[in-house]
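Both complexes shown next keep chain A, but they swap its partner, so chain B is in the first and chain C is in the second.
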Partner chain A sequence: MNNIQREAERSDILTEVGKLIIPFIQVFAVYVIFNGHLSPGGGFAGGTILGASMILHRLIFGWDNLISRLTYERVMKWMCASLLIYGALKGYSFLTGGMHWEVWDIPLGTPGKLLSGGFILPLNIAVGIIVSITVYVFFKLFYEGTI
Partner chain B sequence: MTTFSMIVIIFLIGASIAVSVIRNLLGAIIVFMVYSLTMAVLWQQLNAPDLAITEAAVGAGITTLLFVFTLRRVGGGGK
Partner chain C sequence: MYNSYPLIIILVLFISAFAIPLFKSIKMARIIGISAAGISLVLSILTLIGVKANGAYYFRVGHFDAPWGIEFHIGIIEGLMGVLFMTVSMAVLWFSIYSIDHDLSKKKVPLFYTLVNLLVGSLLGIVFSDDLFNCFVFIEISSIASCGIVVVKDKKENIKAALKYLILSSLGSGLVLMGIALVYSLTGHLNMAHIHEALVSIYPEHSRNMLIAIGLFTVGLGVKSAMFPLHTWLPDAHTYAPASSSALLSALVLKAYVILYIKIIHRVFGMSIVGDLPVLNIVLLLGAVGMIAGSVLAILQKNLKRMVAYSSVAQMGYVFFGIGLGTTMGLAAAIFQIFNHAFTKSALFLSAGSILEKTGKKNISDLKGIGKEMPFTMAIFTIGGMSLVGIPLLSGFNSKWNFAVAVIEAHRVELLAVVLISSLLNALYYFPVIINGYFGEESLEGKVYRNTERPLKELLPIIVLVLGVIYFGVSGGGLLSLIEAGIPALN
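Let's turn to the complex of A and B:
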């Protein structure tokens, strides 16, 4: 840990450019996730961009408030919740669609708008959370050796 | 197949040969990153922007970062 702390030397150029560019990367990642059913992109691509922004934040600013909140327990809680939501929604969709059950379905909305496409939007959000956390955990495993 | 795509494909072949030939490991990683970035441009040319976004984020971003950290951990840089 001490080694890591020493490596994160504060560079003025890196800090200022990071402050400027990281919010834009995160907004773009959220855009890619939320527009996955309308435009190119989706959960995986947006989650990877979000994970890359978290890695960049970790590399530039070291341990500060945002990253130190991403503890192992909290990250795993988010990831397990997303996996459970994904499994429940997709299982419901498969079951009702495959058996031709005429039960409640999510409102379809108007085509072309953000709230459309049925289950795709919540599934994309769940996949985005899972992929971003996976990428961040991979980075921590390779960089520090522990999660 | 346009001329641009042919040039990009020839560049990709050259880069993929160079990755396996270059002795400097850090240089090989950087050539591999350039390969991924050029591949993203080629996906865009082939009307697959979805794949282009993923290739640019995963191939040029995450994979290169993991390779560089692995190289630093095993102490193989600079040779």
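Let's turn to the complex of A and C:
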């Protein structure tokens, strides 16, 4: 009840500021995730920023917007797919490292460029997706009581 | 080639766990979950064969060598545990095909298989890993997953039991983490072999710190593996969970932490340090008290599953009793008891769960004449109960025999009384259920033969577990000598 009442009192100021600020938060989140191997940040930090933007979107624009397409089943599919990718990549790295196999690795690239750092960039992206969804699902669980 | 199998087992279990939610159907969840467990079972058997032939080895996980990177240490004990865990979880998963729909709503069944694969993978991680912090991470995963398989049945009492379990087991992992932090600050290492080297050299001036650290490990892992006064979460969690979950919780979850405790005593600190401290005597005392108090508490229970759950407290008391003796034979007896209890208790929980599922009767007093209605299920329960009482030709007898031999070898004959009293107390609560189930004119009256019996096909997984109980009872010597051969590699 309380939540619905609160949504009815949505103010114009909140909506306009939200429209302005949310795209910037999301771009910054993607920046943090993609530069995790070059600068402070990474998958976890970027993921929480992305999750925060989703929460803000949900609070300001309510349930009737873009965010309503992120159903529980859909976000869980994304999360499991990311976990599978993470597990496969890291498992491959663990296994080849442990067995001393000289086999194909993700090329290291030039240090300092965006496409460098081998496994770190794809792993950061996977972590970013997982963390943002986890943060969002936790919020939804506590705010609405269900997922 | 076999040396990478432990890592592959854990990867297969973890990756398959997250592949299950991608498919919505229950059938796919079963196929993925059980085939992953099957692959892991085959790989764990191959690992054991390799370790048996060539001895213990270290496996480097990833690209960095020991003090910095993570290592697995696989000896015969670890290999045996891998086979045990995978055999029992395979049987439980097989049984769950027939029974889990009864307990869970359709939406939750794939989640159950995800949680089981995560749980078994993390338990094997605790057993295999040679890195203390890595073990802690696996402990956390297994805590969440084991609370998950309790709460997956969406009832009020399950949520209560799971919260109790979650709070107490978080307390346990917190204490373990503090212990790890203390050891790390003393030595600067997390790898067990390196910690041991450093601890031996600094022992004389830091004996107090080591006492605190080992106390933290004892209490932390004691909460998780239901050491006697710390067992309060166990009866609730095991009683209200679905039958398959209680079997896994009792047979595997308790055991992995004990194996970690054995590794901490023997690999991290080493008997030369632990022998100087009073810790093992306290563990011995708590184990002995648990053996008797667990049984006494079990006698007082009215609910069948709760009685079997309290019996787990008594049986874990045996394990701590064996560890507390501090001798090689005591340790071997404790590890043999882990095998005995894993097979016996999973069979008991699955058959008790079957009785509950088919008749809906929870209380022991309502189960008179159940032997006529469900003769085969009750026969399995009988064999399990007799094994725990210590009837010859069943694994429980061999286990108690080993404890008796260990006690005599350690020149502490007075402890023999504890073993004997505990066995007799076991008889006091298992036999009434069995006798009232099968015999008595008035209790059999009006019961229809095989009225509520499961089809034999659905009992096969429990029969496999019971065959294990009989096998270790008839030829327990092979397993015992294998365990004894594996113990030197623990040091």
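The rule we apply is simple: the second predicted complex is superposed on the first by the 140 of 147 C-alpha atoms of A that agree within 3 Å, B and C clash if a C-alpha of one lies under 4 Å from a C-alpha of the other, contacts with A are read in each partner's own complex, and residues count from 1 in each chain.
One rule holds in what follows: a residue touches a chain if its C-beta (ideal position, glycine included) is under 8 Å from a C-beta of that chain, and two chains touch if they have at least 3 such contacts.
Everything numeric in this text was worked out from a predicted model, so none of it was measured.
Peer 1: So, does A:72 touch the first partner chain B, the second partner chain C, both, or neither?
Peer 2: So A:72 meets neither chain B nor chain C here.
Peer 1: Between chain B (first) and chain C (second), which, if any, makes contact with A:24: first, second, both or neither?
Peer 2: neither
Peer 1: Thinking of the overlay built on chain A, is A:32 touched by chain B (first), by chain C (second), by both, or by neither?
Peer 2: first
Peer 1: In the complex of these two chains, what residues of chain A are touching chain B?
Peer 2: Residues 32, 40-42, 44-45, 48-49, 51-52, 55, 135, 138-139, 142-143 of chain A touch chain B in their complex.
Peer 1: Which of the residues in chain B end up touching chain A in this complex?
Peer 2: Result: residues 49-50, 52-54, 57-58, 61-62, 65-66, 69-70, 73 of chain B touch chain A.
Peer 1: Going by the contact rule set out above, which residues of chain A touch chain C in the complex?
Peer 2: Touching chain C from chain A are residues 76-77, 80-81, 83-84, 87-88, 91, 93-95, 97-99.
Peer 1: Show which residues of chain C lie in contact with chain A when the two form their complex.
Peer 2: Touch residues, chain C against chain A: 4, 7-8, 11, 14-15, 18-19, 21-22, 59-64.
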